[in-house]
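What follows is subunit A paired twice: with subunit B in the first complex and subunit C in the second.
The block that comes next holds the complex of A and B.
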């Protein structure tokens, strides 16, 4: 594992998830290695069907049949207490850990909130289940505090989900996820259905809360351009495999995997001259009929013979601590093409450089 | 006087292929009599007793040959209602549509003629194609209905030609496929081919890429760009993604709460936004090039469209709101040639815009850099 100093809070090793069994099984996540550090925002980027949500559900053992974890380990290393392997933990252990240590913000707040319960009842329900010792009045007060924390007036406790806007519902989801001050918050496309202004407000709040409460975030999204702005480090998934892992700035300025490069050039810029962009030719593969060798090779413009037969492993890159890429171009047999070998900008040249605004949290 | 004429500078003398003048759509809130349906006269539906949603308010815009006009706005801004009005799927409460300069009559007559000129591509190719029919059927229907091709070999040739125009080649591979056998990008290409079947002059694309995977969005955007250039289609590109509008469009029209707040050449609008709402949108848009977290230039959410705020609809959120904004809706003011902003800050016209408090980069008369 190429992890920076300090033990990760959550360590995923060799995780494999299948849907179905036998020869028909679809391999949704293959051999995923990931490390989430204390207080870090780790972005998981990928297109639909890349396995990013499956990975998150597997890590939290929320995966439903026919999804099956077929290999690997997920270590949770809390600050106090003993390490737990989440994949082999008993239900009872999980029940204690979930929400109080590891919580999840689901993709669709509309569906994740109970439509026939008031917001207050749903918030106090969490507290009642995990903190049975506190009084009803105290729970109510805590629920109001939680709402205030995400910028919603306390009198909204008696509102039902349908009375709230999409942005407010998502804020309630975040408040609920933070109710027990967890160490890890897993967010699965938390702002995808929202308008950009609302999305930005919620992300601002989230980052401020992270500063204050110190939780780590696994942030799952298809929007790599957003992730580059908010994440500390990013892992890119394609067709069930992690293809690149790097610090956010390094990934943006100096991608090492052709898929990352293609994704980055799929987002038109907001400034500068308008350039013709090509995106990535073809479409993501059918997971039932994955191509042999590197899963990306049919769409890759740098494809070599080897890519068609041998699967590249996600290996640490020489001379780039904390970075890994699964690409034969990076195996040091030959120098990679210049666009996949852009030097990583030093800290001074990155976006915290001379033109940075004051108050950058990075 | 809330009209804002879109004036794309390049083909100024040409008659727009499709033009909307003061298009307004009010939807009755439940309980009120249905508006704009049945055989009632124009403009009678709205405002009679029951409350209405002011979905689109006096929008004027022109779609020119071989130009892409992007309508950018958040959900609820009225951009999809506008597309439906332009496609005549719904009737306007008031306002006028002109096809190649000729007013469109309101009666149902001429619908087919209209559909031959103006076609629409919907957002979701997973639901806009019929799952029980194959690609051949989807493309044959418009050709048959509009008598665009002879039955038999002529029809097959026409269908193959359509598939080639949207780069689904070899066409034979796709003819017998059903929607579930196609990827999202391929489905959207079939939907575009279907719209092209009647050889329209105007294509209305309502969020055509927002349901697609990131890596294939550009393929569809580039296809729309090619159709503009090679077939000289007038394209309306509706989106919430201002970066993609900047990429594809010649002209950008920004909508807020049912009204056009700013319009102009694409790069002028994104690089020198003059309306505070456009500035807010741009400050919130994801941008990896940004140095550090963005400073949002506003807060809050769009207003209720049943009781929209008086005056400028953006004034409750506007960091620059003045007394006049709360009372009087701003008309469109020119901030540069072809660049119009419905904001009182620009009331002085071009001169004031240059000295304006919120557009430090506004450069006055600006020779438009065309990218076609």
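The block that comes next holds the complex of A and C.
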């Protein structure tokens, strides 16, 4: 089930998102290509302001004014033979799709839950709207099931949000997002406000639920180390552009873009030889005044003359299926530096690696 | 955006991260009202009336109380000598109109100012003090809210000695007595919500005095509400003063637009068709009120920036509209991000991902057809009409 097969469930192609119009418009996302397969966890990583949340909100058409989608397409393929173009979908189509097919877990659960309604009422509300045929008692039972699913006792249904801890509120949000068994769950930094222990618990539960229910997850976070652990594949964003896309293990073991390498060398490994943590010098660029050429070149330690003038495109890498990087170093014109040419572990190794990681989280 | 001299980036490497040139954002002042046509119209109108109030009596062609003829007993229609005709007493209507603005505007602004001061004193104190003081002050505000204003004013003006019937400041202050309660209620509620914010509580814990907390932590947060409430009360002052003068409760010899309406009524202008007696002062009052209301809309947008849609006025949208690009939306709908698909912003070199399926291409055609992003104006309108309430 977790094997990506056939057509992707959600396909984003050439997506461009602007804030504002005219010459002052800020291009927050430029030419983003993503594919989310059935049952897959796709991680979207990047610094603050790199456009990852903007991308996710644009895909669901939830972006607020003055955000505008200025190009590209988003296709949703719920089953073989059917396709929905989310960008041309009408309000009614979107209303049907949202929550029942594609649901979103917002960043802060504190603001997403209505403080004056019990969580039971908020959970049954969505069932009443989308499944009008089931009885009140059945709705209540389903809500209790949902809570139990995320590890909250069913008698908490009559609690109000202020009676729950932050982690529990986040769990309620996840339960709510899963209430209609969607195929795609978009999670925008769902665990940012939580401590690492709670974060771990929730993520483990989430991954177990995914195994059971088979939904696909688009997971947005700035925490690349977290993504390496939970995601099947990872896309790294920088200044509104996707700079690298790869299988999680491959990205971790053998990054191909200097920015990914910089992110990976900003956190320590628990095992293995000691490394010097370098981080990335400088700070992310101002989206209103992007540098010419590759947007990353002012901070890149491998910068070449070409990087200052030409924009590299996100191109598939030769000899590495499913990988893509936007970097002139991978141009095959000259061999890339050894740090960016580490051989990718074989598919067998990556599979055992991922199961080993899944096992170690228990 | 300083890259920081501590990092060992070369000068050329940092070239892309130079700070924006000074003045790149200079056009965005901190206290800048949105430049919508509504606000500009309101502001221009209000300024024109204030200027009129200052210079009106001087630019009036005649002495407004001068009687031009003792033989004619009917109001004369507009003529070359009297551009807006004459009153029953054969006084020049244009001169009265120009001179009468001063009293009306002055009373309205005195009323607005006094009522705002009263509402801050009572509302903010009630909200901040809480407890018994709050109860008493709220009771006072409620008392003034439920009391019908006009009968009260009639009673008060009945006690006023005739010598003071033409004192604009006094009239304004009396009107303010009936006009402060609404603002006080609003300010009290907002203060109640502010007084338990963390920054106010931390100021209290560090031992700031009450007046300083109110003045520096709470009042700045109330400024948008204060401005809105001030304009509202000025509007109330215009209406109330005009009504009182029209009813003849203010000394009728004190020139004002309401007084002109009183004399028009006395002359039976409506029945006899002497339109030049009541239309000019009525229109002046209406225009002053409209200017104040329009300006208030602007302050509303200023308080709630979401109303502004990030400065995307219709004109800017039109200017930004690239030929051949999709139609920009007329308004933004929450949960329905507009899609304006045009040519890609950057040239993509290399091969793109595989094509969409045949079925999806038909969906893409639907977009080109125009809803919601297409070029048909009718489509956009229909789309807007489909919005839920």
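Rule of thumb we're sticking to: the second predicted complex is superposed on the first by the 335 of 362 C-alpha atoms of A that agree within 3 Å, B and C clash if a C-alpha of one lies under 4 Å from a C-alpha of the other, contacts with A are read in each partner's own complex, and residues count from 1 in each chain.
Here, contacts are C-beta pairs under 8 Å (C-beta built on N, C-alpha and C of every residue); 3 or more make two chains touch, one makes a residue touch a chain.
This one's a predicted model, so the numbers in the text were calculated from it and none came from an experiment.
By the touch criterion stated above, A:75 is placed in contact with subunit C alone, subunit B being left untouched. The partner that reaches more residues of subunit A, of the two candidates subunit B and subunit C, is C. Of the two partner chains placed by superposition, subunit B and subunit C are both touched by A:283. In the superposition on chain A, A:333 makes contact with neither subunit B nor subunit C. Of the two partner chains, subunit C is the only one touched by A:13; subunit B is not. In the superposition on chain A, A:25 makes contact with subunit C only, not with subunit B.
Judged by the touch definition given at the top, the superposed model places A:315 against subunit C, while subunit B stays out of reach.
Of the two partner chains placed around the shared chain by superposition, subunit C is the only one that A:64 touches, whereas subunit B remains out of contact. In the three-chain superposition model, subunit A touches both subunit B and subunit C at residues 281, 283, 299. Of all residues in subunit A, those touching subunit C in their complex are 7, 11, 13-14, 16, 19-23, 25, 27, 30-31, 33, 35, 57-58, 61-73, 75, 81-85, 87-88, 90-91, 94, 281-283, 285-286, 288-293, 297-300, 303, 308, 311, 313, 315-316.
Contact residues on subunit A toward subunit B in their complex (touch as defined above): 47-48, 165, 167, 195-201, 204, 207, 222-226, 228-229, 252, 262-264, 266-271, 274, 276-281, 283-284, 299, 351-353, 355-357, 359-362. Residues of subunit C that touch subunit A in their complex: 1, 3-4, 7-9, 12-18, 20, 306, 309-312, 316-317, 319-321, 328-329, 332-353, 356-357, 359-360, 363-364, 366-367, 371-373, 386-388. By the touch criterion stated above, subunit B contacts subunit A in their complex at residues 74-75, 183-186, 213-219, 222, 240, 242-244, 246-247, 266-267, 270-271, 280-296, 298-299, 301, 371.
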